[in-house]
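Shared between the two complexes below is chain A, which has chain B as its partner in the first and chain C in the second.
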Partner chain A sequence: MRSKTKTLTGVAVVAALVLSACSGQNGDSDDAELDLPDGYAAYDDPSADSAGGTLSMQLDYDTAETGGLDPATAEIARSWTIMGLVYESLVSIGPDFEIEPELASSWEQPDETTYVFDLQPDATFSNGRPVSADDVVGSFERLLEMAALWAGQLGPIESIENTSEGDAQQVTITLERPYTPLLAALANTPAAILPMEELEAGDFDPAEEMLGSGAFSVADHRQDEYWVFEANQEWWNADSLGVDELRIEISGDDQTRLAGLRDGSSQFSNFSNPDALSLLESAQGVTAASQTQSDFFYLMFNALGDSAMADQETRQLVNAAIDREQLVDVALAGAAVPTGVTPANLPDACSAETLQSATTEVEAGALEGMALSLLVYNSDPSLVAIGQVVQQQLEAAGATVELESLDYGSYADRVYTAQPGQFDLALGWFAGYADPSMVTSWWDPDTAIFNAGFMESHDDLNAAIEEARGLEPGEERAAALQTVCELVDDYSEMVPLATRPQVVGYRSDSLGITLLSDEGYGDFLRGIVDFRMLES
Partner chain B sequence: MTGTAASRATAAGGLRKLRTSDPVFFTALGMLTLLILASVAGRLIPGLNDGTSSVGGRFEAPSLAHPLGTDGLGRSLLARLLEGIGTTFMLSLAAVVCTAIIATALGIIAAYAGGWAREIVMRIGDILYAFPAILLALLIAASLGPGGTAALASIVLVTVPLMTRMVGAAAAQVVQRDFVTNARISGVAAPLIMVRHVLVNVAGTVIVQATYALSVAILVEGGLSFLGYGVQLPASSLGLLASEGNVYMLTAPWILIASGSTMVIAILAVNLLGDCLRDRLEPRKAVDLT
Partner chain C sequence: MQALLWAGRRVLTGLVTLFGIAVLVFMAARIVPGQTADVLLGPLATPEQRETLTEEMGLNEGLLTQFSIWIGNVLQGDFGDSIVSRQPVLEELALRLPVTATIALLALLMALLVGIPVGTVQALRASRKGGAVASRIVSGLGISVPDFVLGALVVLAFSTLPLGITIGNFTSVTDTFWRGVASSLLPAAVLAVFCAAATARTTRDAVLGVLVEPYIQAAVARGERPATIVRRHVLRNSSIPILTLTATLLAYLLGGAVIIEGLFNVPGIGSYFILAMDRRDYAVIQAGVMLAAVVFVLMSLLVELSSSLIDPRVSTIGKAS
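Moving on, here comes the complex of A and B:
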C-alpha cells in the first residue's frame, strides 16, 4: 500500500512538473500581448539597448532566382522582403497600413495630382555616396522605361522631376489624374531607389549585386541556401540598429524550422502554416506571433483553354461550388477570412458574402461528368491544403478533379508561360498591398501580362478598376470597389478565396522583435531595424 | 536428375517444409496478408474509403468514431492510413517486379557471357552500390521531379545493383555445372540455356532477394515521400503520412505513431519472410550466429 502511494505521488509530481513546464511560455506570451501597442503583433522598445551580434534566422524560401537581384523586376513577395533589407523606397508602411517616411523624410501634396518629397538629408548608399534627387528620378524613369510589372502600379505618372534647391534634395511627382494608391505603390521594394550614377557608369549591375541605402549590405549569398548581411554603417540611422550581422538560412521544411527555433540554432523563422502558432506553444523560450495579411489566395480558371472552363456559366458554377468558410476552417485553421478582390482587412473592401458566388446554392451533382485538373505548387503547404479541400468540394458537386502538386517552375510554365495556359484550375496567392485598389490591377491582363494566358481583358472591368483608383477613400470608393468585386465574380476567371495567414516564431529569450499586426506586402521583416539582440 | 529437376525439387521441398513447421513464416505472412487485406478493404468498404474533410474536426484524437483520430484536414486517419498502405505496397511491389526482371536478366547474362560483359555489369553495379541508397534516390527524384514515377525509378535503381550482384553470383556457380556444359556442347541456344537451366536454378535467390528488395523499397518510398520527393498529396502513402505526422508530432502524435508503426510492421514482416525463404531456398546462406 505504501509503495503504491509513493508511486502515485511520484507520478503526480512528474505530471505537475511537466504541466508547469508546458504552460510557462504561454503565460509569458499572454503577458507580452497585453502590453502591445495598437497595430503591432510583437513590439520591442527600439530605444532600448541591444547586445548586438549575429541574428540567425531560417526562412521557407528564397528570392526568385529567375528575376535576378534587381528590385525593379522583383515580382514575388520574398524578393521584396530580402531586397528590402538593402534598398529603401521613398516611403514605407506603418501600423494599420499608414504610410510612413523612409528615404523621404517628409512629403506634401499641394494638389490632388502633385506629390513633393524631401529626402533624408543623411541618406547615403553603402558605398558612401549620398543619395541624390537624381537617383530617385533616375530610378523611377528606369522602372517606367523597363515596363516592369510594378510600373503598372505607379499609376498615370506625367513627370518626375528633381526640384532640389540648395543642399536639400527634393523630388516632385506629377500625375495626369488623381491616383489614390500612389504612396502605397511607392512603398514597395520595386520602387526602391538605386544608385543611378554607378549604374549608368557601368560600375554596378543591379541584376547581379545589391547596392542600396538601406540598413544592411550583402556579405555573401548562395541562391536557395543562405544570405549573410552586414549592418550598413553608412545607413542614415545606423546608430539605432540592434543587429550587427544577419544570417538567413533557406529551409523549406517546416519541421526543420520548428526544430531550429526549439533548439535555439535559429532565432527567427516564418511559417505559412497557421498551425505553427499552436506547434510552438510549448517550446521553451520561443514566442510565436500571427500577422494578419492583406495577401490572399485565389483560384484561376483557364478561360482561354479548350476545357469546360472556357464557358463563363460553368466557371460561375464551379466558383459557387467552393465553400470559402469551410476552406478557411479546415485548410487555414480558422486563421483567415473569406475575401473579395479587395482584401477584407483593408478600408473600403467589398463584402465577399454578398457576391453571387457566395449566395448561389450548388446542388450535388451539378458538376456531374466534368473532369478538371487543379494545379498547386508544393512549396506552400497552405496552398496544397486548400487544393485538397477545393478538390473535395468540387467532387462533392459531381466533378472529377485531379489535383497536381508541382514544383514552382513546372507550375509557372503551365499557368503563366504557356499561351494558352495548360490547366483547368490553378491556385495561387497575391500580396494584397496597403490600398484596396492596387491588387485589382492584376485583373487587367493588359497590365498583369502574366495572366494573359488564361483570362481575357474586359472593358467594363478595366473601367471599374480605373475609376476606383482615382477616388479618395470613402463611401464612393467603397461602392466602386464593390462593382469591381461583382464583375470579377461574374467573369469568374480569377476569383479570390481567403486571406493568407502568416506566422513568425522567434527566440524571445535572445531576441526582441517588432512586427506589425497587419502587412500587405508579405514583408514580415519590415520592422527589422527595430529588432534587438538580448543579453544571454 | 537434371539441374532443372533438382532445383524444382529443392524449392518445392523447402516450401513444403515452410508450410508445416515455421511459426515465424506464418506470423510474417499473416502480418503482410493483414496489411494487404486492410488496404483492399480501405478502398472497397463504404465509410473506410471516405477521406473527405467533413468527416471530423481537425486533429481529433483517436476515438470510437475515428479509431486513429483525424488529420489536419479533418479526414479520418484510418481511411488515409489504409489508402497509404495500398499506395506504398503497390508502388514498392511494382518497383520490385521491375528490379527482379532487370537484375535477373543482367545477372544471368553477365554470368553466362563472363569476361568483359560480366566486368562491365558488375562494375556499374558497384558504382551504383557505392552511393548511399537514399542519396541515390534523392538524385533521381530531383532529376525527374517529385511524384510516384520518381519514387518507382529511384527504388529500381537503388535495388538493382545488389540484386544483380547476388543473382550474378548464384548464376556464375550454375553456369559452371555439368548440365550447363552439356547443354552448350549439345548446341542448345544460349537464351534457352539461360532460361531453362540457369534461371530455374537461381529462382530461389531471386525470390529471396526480391523480398529484401521489397523492404528496401518500402523504406525508400517512405524516405522519399517523407522528404517531399515521392508520392504527392492528395494521394496518401506511409512516408507522406509520416512526414505530416512529423510536423505535428507534439500536438497530434497519433499521425506519426500510426504511419511509423505500420511501416515498421510492414518492413519487419517482409524481412522475416525473406529470412524464412532464405533459410529454406538457400540453406547454405543461412548462418546460425549463436
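Moving on, here comes the complex of A and C:
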C-alpha cells in the first residue's frame, strides 16, 4: 500500500464529486454524447445546411512570434491554430491521430524512406493562383534552410523533389533513414505550403501578411485585440464551409469570455483552466466540451550545480512522492490523465502506471529536512494549481517547499538561461505533438539545448529515443518507447506529470461544432471547416 | 514676474524629472530578469535564433549606446517598433489612448458629479450623528471594495440579466463615437465608484476645514443665503485639495486600469503595457512609462498653475519660505 500524501484527499473527493457532474460535455449533452462518433468530443453533421453568416469567438491570447506571421517560424500552439485557418499542410490529423489528406489528396510510401504525395488538383491560393509542386518543394527547402524549430521535427530529409508528370502535381520526399513521425510532423502548421512564386518575387512577405490555400483569408488584424477572417472562395472545398466570416476577439480574462458566451456576444471560447467545465455548466444555451491534448505538464529537477536535486536517488524519491492521480483530480479537475514521456493519448504510448515512480512507496518523512524551491510562471493558472498540489505532496513527505510564482521572463531566466539553472524544481508544459516519439527529442539536451543547464545528456537514453523514432507503429515501437519512459523516470531530471486539458464552450443554440476528442498540436479549431451556423 | 519665474521653475523641474525617469526606466527594463529572446522565442529556440533577435533589437550594443540611440529617437518623436506587432509604438498608442481617455474622462465626470455634492452635503450635515455615520459607511465601502470584485459582479449581472448592455465586442470611440461611449460606460462606472468615494471624502474634509474659518462666520453674520455661502466661499476655498485629487485621479485613470480593462476586454493602454512587460517588449515598456510620467508631470504642473491662479499665495510661498 502506497503511503502517498493524504492531506488533499478530502479536497480530491470534493473535486471528484464536482467533476462527476461535469465531465465530457455538460448540460443537456448526455444524450448528445451517446451519439458522438468515436474520436470526437463534439460533432456536427458537416453535410447539414448552415445558415452561414459571422461566427464570433473569443480566445484567451493571440499569436506572439518574433517571426511575425510566418508559419515556418511559428513556435507556439496558438500561432499554429490561427495560421492554420489560412494555410494548409500536405496532411492533417483526424480522429485518433489518423493522418488525413489536406493539400495532398493522397500519398504512398513505396519503401521505408520514400513518400510520394499527389496534390489536390483544385488547390488554389487565395490570390487565385493554383498551388504547384514547386510551392511545396520551395516551402520545405525554405523551412530547412531557415533552421527553424520545426525543421528538426521533419527528420533526416535527404531530398524533396517535384516529380510531377503532366498536369498532376506530385512531390517526393526521400529520407536518409526511416523516420516514422514524418507524416505527423508534416501535419502541423509550420510545415504549411507558402506561395513561393510570390515570395521569391518579393510580392509577399510571410512575416507581415498571410497568403495561403486554406479555408480562410485574413481581412483584418490588430495584435492582441482581434482577427477578422473571410471565407476563402478559392479554397478547393469552399462550398462546404458553414461560416462566411470569422471574428476572433482576444480576451485574456476567463470571466469575460464566460460572460460573452452567456450574453451571446460570443459563440465560441476556449479555456485552459479546467474549472471552466463547471463554470460553463450553469450557463444557459452554452455547451462545454473537454479536449484531451497530447500536451503535458512536466517537472524539472536541477540535476546540475549545487542543488539538492543533483543526487539521482533524491530525485527519484521526490519523483515518487508525487501522486499524479491526486494531482489530476485536485489541480486539473479530473480532466487529464497521468502520462509518461510519450503522451498518454497517443498510440504506442508507454504506461505511466508501470513506471518506478508510480510503484515506489514513499514513507511519510522520507524527505525530512529537505528545503526546495519550486518555480512556476503565473500566466498559466493550471501551472500554479499544480505547483500548489506538488508543494503539499512533497511537504507531506517531509520536505519544505517554497513555491515561487514568477512572470515568464523571470522564470525563463532562472530555469532555461542560467547555467546551471537557479532552482531546485520547476514546472512547465510541452506540446505533445501527434506522434509519441516526437516530443522525446526534448530529453536529449544536446538537441533541446534549453535544458542543458539542469540535466545531463545520457547515451543510453539518446540511443533509445533515436531507435524508437525509426520503428513502425506497433508492438516493437511500443516496447522501445516504454524503454525511453523508464530511462527518463530512472534519471528523474525532467519527468512528465499529466496531460494538459483544453476546454471549449460554445452557444449550442446558434452554432454546431466539430471537435476531436484528442489533439496533438493544441489546435481546437482543427474542425472549423465543419462548424455550422444554426438558424436562430 | 515672480509668478512667471515660479512657473518657469516648475516647468524646468518637470523636464528634469522626465529625463530622470527616462534613465531609470531604460535601465530598469534591462535589469529585470529575462530577456526578450527568452520570452518570445521560448525554451526551444536555438542560440543562433537568440543571437539574431538580440542583434535585430540592438541589444548587443553597450547600454550607453543603446540609451543614446533611444533618447535621440524619442526626442524626434520615434519610440521605436513593438517587437511583437512590428508596428510603431506611437501608432499603437494613438489607437489605444482614445479608448483609455474616454473611459478615464467618463469615470472622472461621474466621480465629480457624485463625489463633490455628496462630500459637500456630508460636511454640511456632519453635526447630525446618524447621517455622518451612514455617509462614512457609504464612502468607506466605495473606497475599500476592490474594483476587480465590483467589476466581476457587474460583468456577471450584465451578462446574465437582460440589462441592455453586453460585455463583449468593445467598440472604440475612434471607430463609432457613440457606440464607443456606450461601450465605455460600464468600465467607467466601476472605476468611478472608488474615485467618487475618494472625491466625496476629500471634499468633505476640505469643506469642513473651510466651514470653521472666520470669513464663513462673517458671511453668516452678514445674512448671506446658505447656498450663496457654499457656492461663493466654501467651494471656492476648498477647491485646491479637490483639484489636486482630480488631477491625481485623472493621471491614474489615464495610466490605464489594467484589471478593469481585462474584465471588460477593453483594448486600452493598461493591458497593452502589461503584455509588453510580460514579453519584455522594451520599446513599448519605455514608451508606456514615459507616457505615464508625462501625464503625471503635466497634471502636477497644471494643478500647481491653476492653484496659483485660485490662490496667488501658492506661487509666493516657496519664495517666502
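Keep this in mind: the second predicted complex is superposed on the first by the 491 of 536 C-alpha atoms of A that agree within 3 Å, B and C clash if a C-alpha of one lies under 4 Å from a C-alpha of the other, contacts with A are read in each partner's own complex, and residues count from 1 in each chain.
Note that in this section a contact is a pair of C-beta atoms (placed from the backbone, for glycine too) under 8 Å apart; a residue touches a chain by one contact, two chains touch by 3 or more.
Here the structure is a predicted model, which is why all the values come from computation and not from measurement.
*Asks:* Since both structures carry chain A, what do chain B and chain C do when superposed there: clash or fit?
*Replies:* clash
*Asks:* Considering only the touch criterion stated at the top, classify A:Q391 as touching first (chain B), second (chain C), both, or neither.
*Replies:* In the superposed model, A:Q391 contacts chain B only, not chain C.
*Asks:* See if chain A has more residues touched by chain B or by chain C, and give me that chain.
*Replies:* The partner making contact with more of chain A's residues is C.
*Asks:* So, does A:A64 touch the first partner chain B, the second partner chain C, both, or neither?
*Replies:* Only chain C is touched by A:A64; chain B is not.
*Asks:* On the A-aligned overlay, A:I76 touches which partner chain: chain B = first, chain C = second, or both, or neither?
*Replies:* After superposing on A, A:I76 lies in contact with chain C but is clear of chain B.
*Asks:* Could you look at A:S410 and tell me whether it touches chain B, chain C, both or neither (first, second, both, neither)?
*Replies:* After superposing on A, A:S410 lies in contact with both chain B and chain C.
*Asks:* Could you tell me if A:E208 is touching chain B, chain C, both of them or neither one (first, second, both, neither)?
*Replies:* Second partner only.
*Asks:* Give one of first, second, both or neither to describe whether A:V228 is in contact with chain B, with chain C, with both, or with none.
*Replies:* neither
*Asks:* When the two structures are overlaid on chain A, which partner does A:Q255 contact: first (chain B), second (chain C), both, or neither?
*Replies:* both
*Asks:* Regarding the shared-chain residue A:A333, is it in contact with chain B (first), chain C (second), both, or neither?
*Replies:* In the superposition, A:A333 touches chain B alone.
*Asks:* Look at A:L279 in the shared chain and tell me whether it touches chain B only, chain C only, both, or neither; answer first, second, both or neither.
*Replies:* The answer is first: A:L279 touches chain B but not chain C.
*Asks:* Which residues form the common part of the chain A surface touched by chain B and by chain C?
*Replies:* 252-253, 255, 258, 407, 410
*Asks:* Going by the contact rule set out above, which residues of chain B touch chain A in the complex?
*Replies:* 52-54, 58, 72-74, 145-146, 228, 232-234, 246-248, 250-251
*Asks:* Residue numbers of chain A touching chain C in their complex, please.
*Replies:* 56, 58, 64-66, 68, 75-76, 147, 149, 207-208, 222-225, 249, 251-253, 255-256, 258-260, 262-266, 379, 407-417, 428, 442, 448-451
*Asks:* Mind pulling up the chain A residues that touch chain B in the complex?
*Replies:* For this pair, the touching residues of chain A are 252-255, 258, 273, 275, 278-279, 282, 326, 330-331, 333, 378, 384-385, 387-389, 391-392, 396, 403-407, 410.
*Asks:* Hey, which residues of chain C end up touching chain A in the complex?
*Replies:* 32-35, 38-48, 53, 82-87, 95, 152, 155-156, 158-160, 166-169, 262-265, 267, 271-272, 275, 277-280
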